[in-house]
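Scrolling down, you'll hit the structures one after another.
Consider the two complexes below, in which chain A is the common component and chain B and chain C are the respective partners.
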Partner chain A sequence: MTLVIGIDVGSGYSKAVVCEDGTVRSHAVMPSGGNYKDTAKAVSEMALQKRNLSQRDIRYTVATGYGAGMVDFADETMTDISCHAAGIHRIFPAVRTLIDVGAQFSRAIRVNDEGKVTLFIMNEKCAGGSGKFLQIIARILKIGIEEISELSRGSTKPVEFTTGCAVFAESEAVSRIAEGALPADILAGIHNAMASKIVTLVTRVGLEEKYAVTGGGAKDAGLVKAIGTELASDVLVADEPQITAAFGAALIASERISR
Partner chain B sequence: MAEEKKRRAVATKTAAGIPKFVRGNLSATLRAKEEGKKVAKAFIHDGHDEIMRAMDIVPAWGESFSGVCAAKRDAEKFLQKAESDNFSRSLCTYATCHIGFEMAREEQGGAMPEGAPWGGMGRPDMILGNGQLLCDPRFKWPQALQHYLRDVPVFVTNMYYPPWDPNVDHHEQEKFYVKYCTEELHETVKFCEKVTGKKMDWDRLAAVVDLSDKTWDLFVDTYDLRKAIPTPMDTGDAMNTMVPITFNIGTQEAYDFYVELNNELKEKIAQGIGVADPEKYRLIWAAGLPSWFALNDFQYFNGKGAVFPVEVTYRDHEKIERLDLPKTNDPLERIAWRWVRYWTHWYDAARKIPGSTPKVARIIEYFEDYKCDGVVFHSAFSCRSWHAGIIHQAEVLRKVYKDIPILIMEGDIVDISSYNEADTHNRIDAFIETLEAYRNKQKN
Partner chain C sequence: MTKVVIVSDRIETALIGPTGPEHRKLANKVMEEALKQARLRFEDLSYIVATGYGRINVPFADRQITEITCHAKGLYSLLPTVKTIIDIGGQDSKGIRIKDGKVINFVMNDKCAAGTGRFLEVIADSLGVPLNDLGKLSLEASRATPISSTCTVFAEHEVTNQLANGESVANLVAGVHESIATRVYSLVRKLQIEKDIAVTGGGAKNIGLVKALEGKFGSPVLIPPEPLITGALGAALLGKEKWEKARLDGYTPTRSKEGLQEAKLFT
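Here is the complex of A and B:
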């Protein structure tokens, strides 16, 4: 039994994936909070405990993400851009354009037929196309972020936001609520605004099918649908899109020990 | 208050002498009045250098002053000053930083703003501008300055060259453009004669132009030494060593600087000394002015074994022989031919690659000559003219080379609020991983 672990310490959530010979054995996700070091340890233990394992059973650990440098028990760190590419290539080998919608950043990543990154672009210092935008709107609608996807399905008349800026859209959403707009229509409008911003990012790396969306944002079916509509193409989503980078990190860990 | 920042090391001893050059240029503007000389607010790469040098006019380089403010992380006060009079942050920050500085000085009745980096820059007696194909600040900056420096005369020329069109043979249009540029330069001389009260010494101008030609050749020969593996100098240093050719062309000091740099590079090559040890990846800086406040990022690349033996930025010179300039007795016509031919000499190469542009043809030439492994673009948001088209250039390169590692960095030349060090280093790390993956693919 050759076990490895990939840990992705993101700005919003931390994820750990335990793999054996390239197959996921267990995974865990938890909010990153303010102490990345402790969170990395906790999320790793959570994933290991699901299989009654401990860190001693792990041959190699690769850390990635915003707080990768804080994972002091990792054998190696890799950027989440490479890890996302490695993860998505194993799940969907035909994907050539990957869209990662994380809590703080959105990224468009071009991937070649070997799962290697050829070009990538990140959103600039702007929350407009990131998960933060959804968090802001969830807060003012007084709902949980996990409720957004289901709630937005009921939209019949999406609100048209005049801005892609998260700060201005927040005040615009407050005005629409006051005018009586339904939460479902506000959420669908936000999805459209985000999708427009994200697809602009994707256009900058060049449009090439097939597309996949990863990261926490990919758990929001309404957002994924809006991105697909903007791209005029189908968009693939893994069963657990939030753990794609951690899975990629685990695959890289497997590669290291098989060398 | 300027933010403290770690001093950046340069790889060559010669480059370490550059701050003296820059300070010298600034202090010359401050001494000019005592020496009975006139100061001109001028632009780099405008074709006016030799005219100013031959007439003892001291150039006050706005781009250089703003770059110094940025490098010292002390530009914010001037950017805010300009912003307070409705100059948007999305305008050229070279321009807005300098305009903010001039606004502050005028408000203080001509007294130098306190804490102006390196003693500040002298007040101009004239403003020379030059409309080019894309860079609108070259005529808008002088116009805007005139709002604050009302007594200072402005003269804006138009040094155009044939625009790129893959279906038009620009050679047929050259003479027309050269004639136009020559006339514009003659008008510039008349304007300078009027402001200075002196007549142009045409023999002296011819000698200055000859010295410039010699410096162009020496500069290119010197930079070509960087083709050596490992490269003895990379773009981190070139962002310094560009100063003499960019701001002091037509002077003996500029020529002597490249003699010294040439000797040092030859010595390094003989001893096998490179910028990175070991040199793992060779990159081309394919577009963009750098973030002057973040030049340490070049060392971040170097620390990972990545070097830049070549860049397009500030390499706006070519071997004179390659430009094949027609003979003329008029030094201004000589400048005009050199100008037009320099900007158009990649047109023929670009026509051979469907969908290409001269900028891409140039990148391809350097990429191959300098045996590069990857391409880095820097998109400085406030400089539209130099940075428009980066995505298109990347696309064409990907079509030509099928698969090529490309990194697009984002920032600004002067405005530090555009910059995020952790994010930038994360992007560089990911790019290094991509280069490594390509290397492994080639090995297999």
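Here is the complex of A and C:
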């Protein structure tokens, strides 16, 4: 039994994936909070405990993500861009363009037929196309972020936002709500505004099918649909899109010990 | 904010009132207040020009003119030596180059809240400091804390984290002013900046921000006595010119048929 673990300490959530010979044995996700070091430990414990394993059973640990440097028990750290690519390549080998919608950043990553990154663009300057945008809107609508997707499905007339800025859109949403716009139409409008921001990133790395969306944003089916409409193409989403980079990290860990 | 300026041969009255979240319902209210303050009736007004972000939502206006033109006109009447205007409003920031009261070029950012008054509002809110106190407070700073995020959302987090790490509120506010000044400078420098430089809009009321702008532009700046009303003043002056020219040419300019009322939904 050769067990490895991949840990992705994101700016919003931390994820751990335990793999055995390239197959997921268990995974865990929890909010990153303020202390990345403790969270990394906790999320990996959580994933291990699900299979009654302990840290001693793990042959190799790869850490990735925003707080990867804080994972002191990792054997190696890798960029989350490469881990995303490795993860998605195993799940959907045909994917050439990966769109990661994280809590703070969104990214477009080009992946070749070997699962290697050829180009990526990251939006770290603006919250416009990130999960943060969804959080802001969820807060003013007084709903949970996980309710957004379902609620947005009822939209018949999406609100047209004049801005891609999360701060300006927040006040625009407040005005539209005051005028009687329905939450579903607000959310669908936000999905469209985000999708157009995200797709400008994708355009800059070059459009090549097939597309996949990963990260917490991929759990919002309404957003994924809006991205697909904007790209005029089908978009793939893994069963657990949020753990893609942690899975990729675990795959890289497996590779290391098989050498 | 909604501003009303009534002019004759002099400024009869100037009033600043709220715009409200729907920016279409309150223009008539602010106008009523201004008339009351000037002891005038609506019928006494010969011509009304609306300007600004919500200028189409003033049904009783006889004409709409963009805020860029109005700002230039208003400022020129107050400070005729000014060639470059930096306007920092709640929704946008602008740079305007003027010559003899006419606009020769302008740049504007209304796409991103960074570098606008909104950035200040958001940070003031999360620091629990009233917007009007930011300027004075920042003068007590021992340094301007560097703010690395451009985006308002991320900068807010950064400031909260710094606060938790023990950084002083004054230093953080000074850092925020520095951040806005940097953004505004990189926007306005696209114009060929010429002195004198004036700052208008709500941002001009913040002494800390004005000092930060002076640092970036490497020059003292002029501030009109009431920096919020330059656009409305320019609108009034342009309205007066239009009306007077029409009278000279022997006709009465067309007026709006809507009375002093709030705008209707236009959707």
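The criterion applied here is as follows: the second predicted complex is superposed on the first by the 258 of 259 C-alpha atoms of A that agree within 3 Å, B and C clash if a C-alpha of one lies under 4 Å from a C-alpha of the other, contacts with A are read in each partner's own complex, and residues count from 1 in each chain.
In this section, a residue touches a chain if its C-beta (ideal position, glycine included) is under 8 Å from a C-beta of that chain, and two chains touch if they have at least 3 such contacts.
Fair warning: this is a prediction, and the values are worked out from it, not measured in the lab.
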Q: Label the relationship between chain B and chain C on chain A in the superposed model as either fit or clash.
A: clash
**Q.** First, second, both or neither for A:204, with chain B first and chain C second
**A.** first
(Q) Tell me the contact category for A:35 with respect to chain B and chain C: first, second, both or neither. (A) neither
Q) Thinking of the overlay built on chain A, is A:122 touched by chain B (first), by chain C (second), by both, or by neither? A) first
Q.
Quick check for you: in the superposed arrangement, does A:233 touch first (chain B), second (chain C), both or neither?
A. neither
(Q) Quick check for you: in the superposed arrangement, does A:167 touch first (chain B), second (chain C), both or neither? (A) second
Q: Check whether A:55 is in contact with chain B, with chain C, with both or with neither, and answer first, second, both or neither.
A: neither
Q) Taking the superposition as given, does A:179 touch the first partner, chain B, the second, chain C, both, or neither? A) second
Q: Considering only touches as defined above, state whether A:23 meets chain B (first), chain C (second), both or neither.
A: neither
Q | Part of chain B, among the options 38-46, 74-82 or 326-334, whose backbone runs into chain C after overlay | A | 74-82
Q) Both chain B and chain C contact which residues of chain A? A) 125
Q: Please give the residue numbers of chain A that touch chain B in the complex, ascending.
A: 78-79, 81-82, 112, 114, 116-122, 124-125, 204, 206
(Q) With touch defined as at the start, can you tell me which chain B residues reach chain A in the complex? (A) 391, 394-395, 398, 403-406, 408, 410, 418, 420, 423, 426-427, 429-430, 433-434, 437-438, 441
Q | Residue ranges of chain C in contact with chain A within the complex | A | 21-23, 91, 111-113, 118-119, 122, 149-154, 265, 267
**Q.** In the complex with chain C, residue positions of chain A that touch it
**A.** 104, 125-128, 132, 136, 163-168, 171, 174-175, 178-179
